[in-house]
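Below, subunit A partners subunit B and then partners subunit C, in two separate complexes.
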Partner chain A sequence: MPQFILSRRTLMTASAALLASTALPSIARAQASGGRLVVAADSEPPNLNPAIVASNGVFFVASKVVEPLAEAAYDGKDGLAPRLAVSWEGAADGLSATFKLREGVKWHDGKPFTSADVAFSALQVWKPLQNLGRTIFKDLVAVDTPDELTAVFKFGKPTPFQLIRNALPVVTSVVPKHIYETGKIEDNPANIAPIGTGPFKFAEHKAGQYYRLTKNEDYWGENQPLLDEIIYQVLPDRAAAASALEAEEIHLAAFSAVPLADLDRISKVPGLQVVTKGYEGLTYQLVVEINHRRKELADLKVRQAIAHAIDKDFVVKTVFLGYAAAATGPVPKNDPQFYTPDVETYPFDVAKANALLDEAGYAKGADGKRFTLKLLPAPYFNETKQFGDYLRQALAAIGIDAQLVNNDSAAHQKAVYTEHAFDLAVGPPVFRGDPAISTTILVQSGIPDGVPFSNQGGYKNEELDAIIEKASETLDASARTELYKEFQKKVAADLPLINVAEWSFISVARDSVKNIANNPRWAVSNWADTAVEV
Partner chain B sequence: MNRALRLLRRRLVGSVFVLLIVVVGTFFLLEAAPGDAVDAYIGSIGGDAGLAELLRQRWGLDQSTGTRLAAYLWALLHLDLGHSVAFSRPIRDILLERLPNTLLLMGSATALSFFLGSALGIVAGARPGSFRDRFLSIGSLALYAVPGFWLALVLVIVFAVDLRWFPIAGIETIASGKTGLARAADIIHHLVLPVTALGFIYLALYLRMMRAGMAEVWRQDFVLALRARGIPRRRIVLAHVARNALLPLVTMLGLQSAQMLGGSVVIESVFSVPGLGRLAQEAVTARDTPLLLGIILISAVLVVVINLLVDLAYAFLDPRVGASEAGA
Partner chain C sequence: MSLRRFTRTPEAVAGVVVLALLAIMALAAPFLFPGDPQSIAGPALVRPFQDWAFPLGTDRLGRDVLAELFHGARTSLAVGLAAAAASLAIGTIVGTLAGFAGGIVDEILMRITDAFQTVPGFLLALAFVSVVGPSLGVVVIAIALSAWTGPARVARAEVLSIRERDYVASARVAGMHPLAIAFREVMPNALPPVLALSSVMVAGAILTEAALSFLGLGDPNRVTWGGMIAEGRAVLRTAPFLSIAPGVMLVFTVLGVYLAGEGIVENSAVKRGLA
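Moving on, here comes the complex of A and B:
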């Protein structure tokens, strides 16, 4: 069935963005509408409000119920498609941004959606409470609402609109003011049973069993949604999703719920397809985090030696079974705006690595070892753990004795990001479409202890800090992009951390599921045009 | 009856101390594990330093260990199990929702392994050394050596994926709207595989114990006497040899109930049964101390109750036990 997706993609690129957005429902309408889609879910987030918790686990369910101002798109202007906002514009001075909102949108309880909801969400939820919004909207001081369909964001400091725009799909889920204005926002029952404007209404959650979403008959999208119901069946066991697909109990397993090792077998099962698209907007990066407090690791030559000791292609082939790309720097190759290949590279070369270590003054001892390091692979993914095993062997080849310490999530979080009880760690940070969202903090200095996925290795580089600072106030998009190219070059040259690979997730779906993977954040988008052919 | 009541009272007093030790011990064990609930949560969502502080305050984790333990025990005294941060719900509700599933799974699996195991044990022990005995002994040993999760996965692949006789996961069909008998039948249909997987691992134990006990009893003089009197072999096997070999099995039943709770962690995960075992694993991963304490508490109560029942059954099966308890 991949041809189907390809042909529609070609059609969409050929047409104008506007045409594409109107053509979508008509193509979909030709297919059977209605029905129930059953998908695998592996976690049940304690807080299901995407305005407070902007994470993939929450979005997977909640993005169908609560919508952002704009969603990522393959073909739209600036890589965006309108949702609750129909247009957006940043002021030249960077002190305001104006959003025109969609007309005739209703909340699931029937009340009209207005600019007051956007103002409330921005000031009361995104800025003070949201995991990512607390950083991105830190300079937001007010949201003016001249009329019901216009929201003007006012910033206390010039804020690049490029950043706000890039962050729109992730940080701007709008929640209803009339539901949240009474009582504490964090304790609102709508955090567990969300109320939004999306194509699906939240129906029920049976803990440990399933979530059920039902069709929103009053959705603003013409003839959308196509499905009557979405069920998220909770399948905590890694093998369960693959078995459930084979037994035709579920239609879709997203977010690599089917382990990579099973993909080869499952792709041969008739009626099932393996889809690698639809995750470009949520690229995970495999990085070696370095504790620069360690004398040896503070030496650039040692870091270079470690970079040369890692065979990135081998990692892509064996750890990721080909479902990844070798990384060159802190911005992934698939990013259309910021990536530059023009950086220092470290080809796999054990002899050179050994020479660099000798040069640095760490000669091999009688037992063939130069020094010992503590290596902590993050437990969140199979691949981070497997890469930890690989790295230990790769380091042994250059005389560095790495001792693996395996922890569970809570223990790893504390050991690496709070107590700094590591020399090397393997981490999976996420690139979210703009380096300022969650990438620059990986190398920036002055970050307090306890911040996950940030520079906790004690690295400090004033030049790099200056570039990051300057980019955060540069309003011109192309000048800002240039600064981030400079940033990539500096990081690749000085190696505050080592970027090894970049990967996205894989979906496995039955052939009967239509219109999958049609935007770069598909699994966490609204699924208004998803259909199941009967 | 009087004897049984006295036994009950003595046991209940002892149990309160057992439960207190279990609660305090578990609290400190989890406290000693690196990282707290906020570390576990924030690792999955990311966020700045202020966010971690905000969450710690909201979840009461900025208090000292002693304060938290005291607060927990004080609430427990008022039969309040607290609030789970990992599920954003009162712990009592979560436990009440999960307990029936675990009881159903454990109860059925225990019944299966006990009855089938001892029945096969009687078949094997009826003629120690016979072909049937050899076959069952070796077969049960092989079964006992199989890891539980592997057996579970094989059952899934054969009976759920290939043959599609049984559903892969869950406790009942999702959002089916079934009620009454249809729902009961649906739940039974879902439980066949997990109960088989869990029950078969322990079946071998009962089988081998029964067989060994019977082999022992066969050598005793009273059996010889029974045979000399011309009592039919069938009667000797069932009414005398098997009954005498049954006592250790009942003891085993009590001990096993505690272990089965552990085994159900794996089986509940593989079959996605929303029970206490899987919940316990999730509570540890999320460092949700009050939730784990609630689970441990309810499991400890369960084990205490089962052992009490076993003791009562013992008194019934073997008059000597009751006599000594009554005399004390």
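Moving on, here comes the complex of A and C:
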């Protein structure tokens, strides 16, 4: 039987630890720093490498570990704040872009960060492997490294620097060359336990339980990070996040982990705050996707009628409980560079919608129905499903009988984007700060079958294709912006799809969490200045 | 005489009353609430007993909860009865064939029954609906697929004893076709114990339908109680009545079906002098 020996030494260490634990909070209070932040995570991405998978689910955890060249900012030149790059400049001919890198940055394993890492990430990871980088860096041919702190991107075709700049926060997570250069990049263990330059080091992941990140003592930011530790508590059930916040088990639930319907109640709970800022760079769009192969829907009048039949204010107020804005076109209103309100609008008008359908030659039958459509609401969000229910009713009011078809995520993607087995679909595409990143693809023709969140409705408009093509080669930022304004007008006039609303996420945080929502991609930024008051 | 005996068992009477009310609800739904029950009738999330235009309030999109409950009764009862009838029919036919034919036919049919019984019924229904795609007919078939094995076993056991009776032997001697003997002479007499299962089967089918709808595998173009509960779940903390109302309906329906069924079984058992 093992004996429990209480030596004088263990007693002393134990009492010292006890003393320290009582002393710690007061130190923390004095500095308004330190401490552990516990946040809710609703998913556990299998690959945590943001250089390969540039998605919000990955960034939420990995952006604290692996940093991009620049991060989005509310103020600052071009709406950016420097991270691993301190300055950036595009050449006038659009064939190169020069990045000056930050001095004295170290990887978490102690090796220095240099331009070779940037060159490696760009050519070996972003361009060939990354979901978004494949499009944005498609013409990248080389990255010159004249010295350790300069990286010059060379393009085979003129590439608008405005696009590269707008994409910097999302597509330029830099990974260490010395870790990734041996073996297959996709199978590298650092994809599961990332190594970066960020303010936090990846400590561990217990599947189904939590991720733990710890402070990077050698971080380049002065006196940063403020937190000692971040814990991502895995709470897949949405109702659980609200209760966990109320029970003070977690400090923060980002990405609308608390359902919209609970926000009103939870905003009244003392000690909790509902924050709608900090997601401006991640705007979701509620879109009715249209299959133009269907002869009724190929008729512009029918599409206009559907647009007039949708009460956008009702959708914003009832489906989104006010946490959204009515959309006018394919670029969201909160975009500072490209948005134009000067487009065709379709006010809610059932009589006009009915008149348009009569004009188009689809008279109401004896049962009050004109024709039947198959409607597939995307299952990703509660709101897209609810909007599907609403749209069915809105269409019934103008004599269109919409039959709902519910699918799980995989079946929905297959039905809409591969098999085109839909007439109308409800989708939530994301606007990522530049229409060329993930917006023009929604209406452009010639996209192969099976590409998710792209034009799979068989829509083809040569004029629109020409504008998209021209904008992709236009180097002058203001001329390019004008082209995208033209693009918005054309889309709103011809309705290849119908933009209904745009929304973003909501955070709920305890009052003790400081410096939250201080940039437009806050939830997926590095949290170096976030603190928890004890 | 038997009716008097029936009315003397209070739980059976309660069951029948509940069932009658439900049937009235289901039949009256299109007259009391004409039009699409899923249409948006008023402001969203009106609480119950506040606005008498919507006695039970409205859901997140402003649909009338009472209208949805009435129309949901139609779906639940229709699916429950259809699925139970289908599984009883399949089960009885399979059981009669197996029991009457015996030998290799019996062996094959009963092993198939075993195979179906080893897969949890709900899982089977779930898989079937998610592969074929949710619609009312598919849901009925899915439930029948998972529930026909019980009646099949009971029918077979009963047929095994009946086929040795004298009148079956005399039918054979008279030169009746074996299938005619099986389905004209034997099956009708094997039915009572199988029908005794019906109340449990209807109740089970209603619950399975609700569970499928709750998981989003019901017919999305119809109101179902399970679907209502699932939709109410998102606002459980702020508007619990949206889940409670259809939940209570489900409880009453299943209870009613079960009590009424038990009453009938007991009654017929007494009549046959077994109790």
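We adopt the following convention: the second predicted complex is superposed on the first by the 503 of 534 C-alpha atoms of A that agree within 3 Å, B and C clash if a C-alpha of one lies under 4 Å from a C-alpha of the other, contacts with A are read in each partner's own complex, and residues count from 1 in each chain.
Rule of thumb we're sticking to: a contact is a pair of C-beta atoms (placed from the backbone, for glycine too) under 8 Å apart; a residue touches a chain by one contact, two chains touch by 3 or more.
Note that the structure is predicted; figures quoted are calculated from it, not measured.
Engineer: Subunit B versus subunit C on the shared subunit A, clash or fit?
Structural biologist: Because the two structures are overlaid on the shared chain, the partners are seen to fit without clashing.
Engineer: For A:412, is the partner it touches subunit B (first), subunit C (second), both, or none of the two (neither)?
Structural biologist: In the superposed model, A:412 contacts subunit B only, not subunit C.
Engineer: Going by the contact rule set out at the top, does A:53 touch subunit B (first), subunit C (second), both, or neither?
Structural biologist: The answer is first: A:53 touches subunit B but not subunit C.
Engineer: Using the touch definition from the top, say if A:318 reaches subunit B (first), subunit C (second), both or neither.
Structural biologist: second
Engineer: Please work out whether A:370 is in contact with subunit B alone, subunit C alone, both, or neither, and reply first, second, both or neither.
Structural biologist: Neither partner.
Engineer: Taking the superposition as given, does A:38 touch the first partner, subunit B, the second, subunit C, both, or neither?
Structural biologist: A:38: touches subunit B, not subunit C.
Engineer: Would you sort A:251 into first (subunit B), second (subunit C), both or neither based on which partner it touches?
Structural biologist: neither
Engineer: Regarding the shared-chain residue A:239, is it in contact with subunit B (first), subunit C (second), both, or neither?
Structural biologist: Touch status of A:239: both partners.
Engineer: Which partner, subunit B or subunit C, touches the larger number of subunit A residues?
Structural biologist: Of subunit B and subunit C, the partner in contact with more residues of subunit A is B.
Engineer: In the overlaid three-chain picture, find the nearest pair of C-alpha atoms across subunit B and subunit C and give that distance in Å.
Structural biologist: Scanning every C-alpha pair, the shortest subunit B to subunit C distance is 5 Å.
Engineer: Using the superposition on A, tell me which residues of subunit A are in contact with subunit B and, in the other complex, with subunit C.
Structural biologist: 239, 407-408, 411
Engineer: In their complex, what parts of subunit A are in touch with subunit C?
Structural biologist: Checking each residue of subunit A against subunit C gives 238-239, 242, 259, 261-262, 264-265, 318-319, 379, 382, 386, 389-390, 392-393, 396, 403-408, 411.
Engineer: Can you list the subunit B residues touching subunit A in their complex?
Structural biologist: 33-37, 39-52, 54, 58, 85-89, 94, 97-98, 153, 156-157, 160-161, 164, 167-171, 174-175, 269-272, 274-275, 278-279, 285-287
Engineer: Using the touch definition up top, name the residues of subunit A that touch subunit B in the complex.
Structural biologist: By the definition above, subunit A touches subunit B via 38, 43-44, 46-47, 53-55, 57-58, 129, 131-132, 134-135, 186, 191-192, 204, 206-210, 212, 231, 233-237, 239-240, 243-244, 246-247, 249, 380, 407-415, 418, 430, 438, 447-453.
Engineer: Residue numbers of subunit C touching subunit A in their complex, please.
Structural biologist: 36, 38-40, 44, 60-62, 130, 133-134, 216-217, 220-221, 233-239
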